[in-house]
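Heads up, the next two complexes both have chain A, just with different partners, chain B and then chain C.
Presenting the complex of A and B:
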């Protein structure tokens, strides 16, 4: 019964994504265009093929990575408020980007490194280093509360350092704000390929580790009593979380709320095990960010709204509506 | 020891210069006054001698009017002319340091419209003028207002403005005719945020007879859909060196004429300051942009 519902939901989410992909190819800086007319003009076709399609797919992939990371985080910490940025990766990434922007032009050597690493590389490195810092402070992955606290502290401290650096230069401040709001505008085929590969690896790993998440839901003692090699599997889950979040953040900046909302949206439709929840959350996150990206470029074209603002508004209002409906149901 | 001696020497020289400036100042019988951007009439009993400016363009305006010696503090972004770098810094436009400003005992504080510090400073008994130049016309207006407050004769301020304006015009005239109407895209930040026709830098571009691909309707600094730029196919791109990294690798951008022909002007941080600040250096900004427009495409493009 559950399996059938989960399959239907997955199919529906994929179909919706495919539909949005078509729409995404047609919506551009001049509003909605007819794709079959654009095929005749090579420039227009290049815009569709080299810009719109990879960016729409990129939005889906980044959203899927965040949705997956969100489901893993909420299972791992047994906390419905956990989101992918919980281990400090967001602040780590923004601090690294701020550092790279500041280092640019300081000396030829520094500039050379910044150019070679790129903003994407810097953000990914920063995100991963921040998670490692959190793990060091928490002395491993065994104590959930310790890990959570360390993550929050690392997030706050690195965020403060980032602020300290950015406020010194108006130029950097502006660039960092854009990064914090997130953007899918500059995702190309290569960025998409990187995210797709990461998603495949993370999905497989998370699917294999799903039993741990299920057993953790019953409490740590129960999980330990089941005879699973908990320490190693938890470490692996943290690695999945860090990798998925880092890859998404590096390509699209800090996109709010997708990671938190996607698992909740899936759970509101059906209750299931983590082996299904994780992939479904990925599909849901992808759809959410893809829809937000479409709206972001369509609403005030040729200008764009920051996509992170829209994910928060979209996901947030849907969750609010769900809570409202459920609350009313209970009263009645 | 040596450095101390140098310091006291420079301080002595600066004080002497300030005294000279005082001596030269016309004696005003009537109090000085000007209406600021909030509509407040700012009154001063005597020409201010201790000025704090919290916006780079205001600092530059004060200095251009020959009153650099009367500045006692500036914001941390003010870096021109070189002598203001030695002044105490009182925070930035977003986070002004009230205590530092008050400690300098200024008789006039020039702040930007966006600054939250106005009421606080007024409550502490300081004279505050809110002035924020954003356009070419603003530069002229603000220059006149600052002159009124400084006790500099209006004719003198007008002369300074005319000199700047003529220099902008000269920069425009220096361009070969065939460069007129060049389609230009100016990126102020990766986002990508563009500078539209209605921005300060966009106005300078218009005076140089170039065509901005971002029309005025989109506002001064719109966040564009990157494909808009690809479609507009600019022949020239102006960008700060910081956000220029990886510009050619953006999806679809390799096909843009400016990228194909290599006509991408990268401005250093110092040059960017000149370009985006609505102040007296707008003539220098026009020359920088004219230089970029006149530059021939690199061979092999």
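Presenting the complex of A and C:
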């Protein structure tokens, strides 16, 4: 009964994503174009194949990573407000990017791909280091509250350091603001491949650890009484969280709200175990970010909106509506 | 299995602290297999802490022996199959709201399942039996978030029963249950004990505690008395531990404690 509904939802989310991918290939700076006509023109086709398709797919992959990370974070911390950036990865990534921008410079002289690669690597390293710092401060993964507090502290302190660096230079400030708003514009095939591989690994690991998330929902003591090796499994879940978030942040910057909203959207449609919630949240996150990416390109074409702004506005208003609806439904 | 002389659960010199404050001061006990023991005592006597220590869920000094073997020497999964623990007031936790009653009860089968293996016929049968036993089978598909406090408690009870452990520790199993379901729960504890399980319950309702085979009276982190529920000495110990503010009477063939 659950299984059938979950399969239908998964199928629907995949079909919607496939449809949006086609649309994404067709949307350009001049509006929606006819793909079959573009096929005849090699230059036009190159734009479709080397720019539009990879960025649309990349948006889906980054969204899927964030949706997965959000579902894992909410299960692990037993908190519906938990999001993927909870352990400080966002501020770690932005601090590292700020440092890299200051070091490499944002001058036009710097070769494009070197800067890109440097930024991606810096963001990923920064995100992972920040999570490690949080774990060190929390003295491991065992105490949820301590972990949450350490994550908040790391976020605030690293964020302040980032501000200190960026305030010194207007150029760096502008570049870091773009990073903080998030963008899917620069995702190419290689970045997509990295995210796809990370997504596959994280999905498999999270699915294998799903029973742990289910039993943690009954309380840590109950989970321990069921004979689960909690310390090892929690460490593995934190690793999944850090890896998925780090990969997404490195390629697309700080996309707001997708990680928080995707699991809630799935839950509003279907109540189920984490073995289904986690993959469905990934599919939902992918669809959300893909749709946001299309809108970002299309709304004020030929200009582009930062996609993070759109996800924040859309995700935020949808969650608000959901809360409102739920609040009315539950009078007690 | 074990010789009848080996206690199902025994403790020697148990000491435990909560947040640095000593809560248990040297507890010794031995529970024979196939009996129902109730732990009673005033608030703060250390009843729940004792239950958690016995379940191996809190760090402690001293020894806990499960079927004659030190708790730490048990492989985690084998221990979880042999000893099940029901948390106190698991009702308040909202994190499990999205899980269906059936999924929750099925979690009790984790110690029996190979990792990631689909539930076997035995797992499904155990879950169905447990949910029927607590009369929760009819709403097995409903998520926990849509249930009342008492209904949730019956699902959580079924989760503990689904383990089918030889030793079953339950912390205030009657919480939120209406009187008929309280009676059912007590009858179930008696049936389990009669079937050879070792049942330990922490209970605040003294009439319920006195329907167990044996009563363990605690005060200030120590065992004050451990005896049969029908013994006059047990009744005196109960009256003393509540500072003479209750008195045990026989009514309709049951023991009841009335305010005094």
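For this structure, a couple of remarks:
FYI, the second predicted complex is superposed on the first by the 317 of 332 C-alpha atoms of A that agree within 3 Å, B and C clash if a C-alpha of one lies under 4 Å from a C-alpha of the other, contacts with A are read in each partner's own complex, and residues count from 1 in each chain.
The criterion applied here is as follows: a residue touches a chain if its C-beta (ideal position, glycine included) is under 8 Å from a C-beta of that chain, and two chains touch if they have at least 3 such contacts.
This one's a predicted model, so the numbers in the text were calculated from it and none came from an experiment.
Contacts of A:227 after superposition on the shared chain: chain C is touched, whereas chain B is not.
Look at A:218: by the touch rule set out above, it reaches chain C but stays clear of chain B. Of the two partner chains placed around the shared chain by superposition, chain C is the only one that A:208 touches, whereas chain B remains out of contact.
Of the two partner chains placed by superposition, A:196 touches none, neither chain B nor chain C.
Look at A:167: by the touch rule set out above, it reaches chain B but stays clear of chain C.
Note on chain A: of its two partners chain C and chain B, the one contacting more of its residues is B.
Residue overlap on chain A between the chain B contacts of one complex and the chain C contacts of the other is empty. Within the complex formed with chain A, the residues of chain C that make contact are 52, 55-57, 76-81, 83-85, 87, 90, 93-96, 98-100, 103-104, 107-108, 110-111, 115-116, 141, 143, 145, 156, 159, 163. Within the complex, the chain A residues that touch chain C are 1-2, 78-80, 208, 211, 214-219, 221-222, 224-229, 267, 271-273, 277. Residues 76-77, 92, 94-95, 188-193, 218-219, 222-228, 230-231, 233, 240-243, 245-246, 249-252, 255, 268-269, 272 of chain B touch chain A in their complex. Chain A meets chain B in the complex at residues 28-30, 43, 46-47, 50-52, 54-55, 101, 104-105, 114-115, 118-119, 167-175, 178, 183, 185-189, 297, 301-306.
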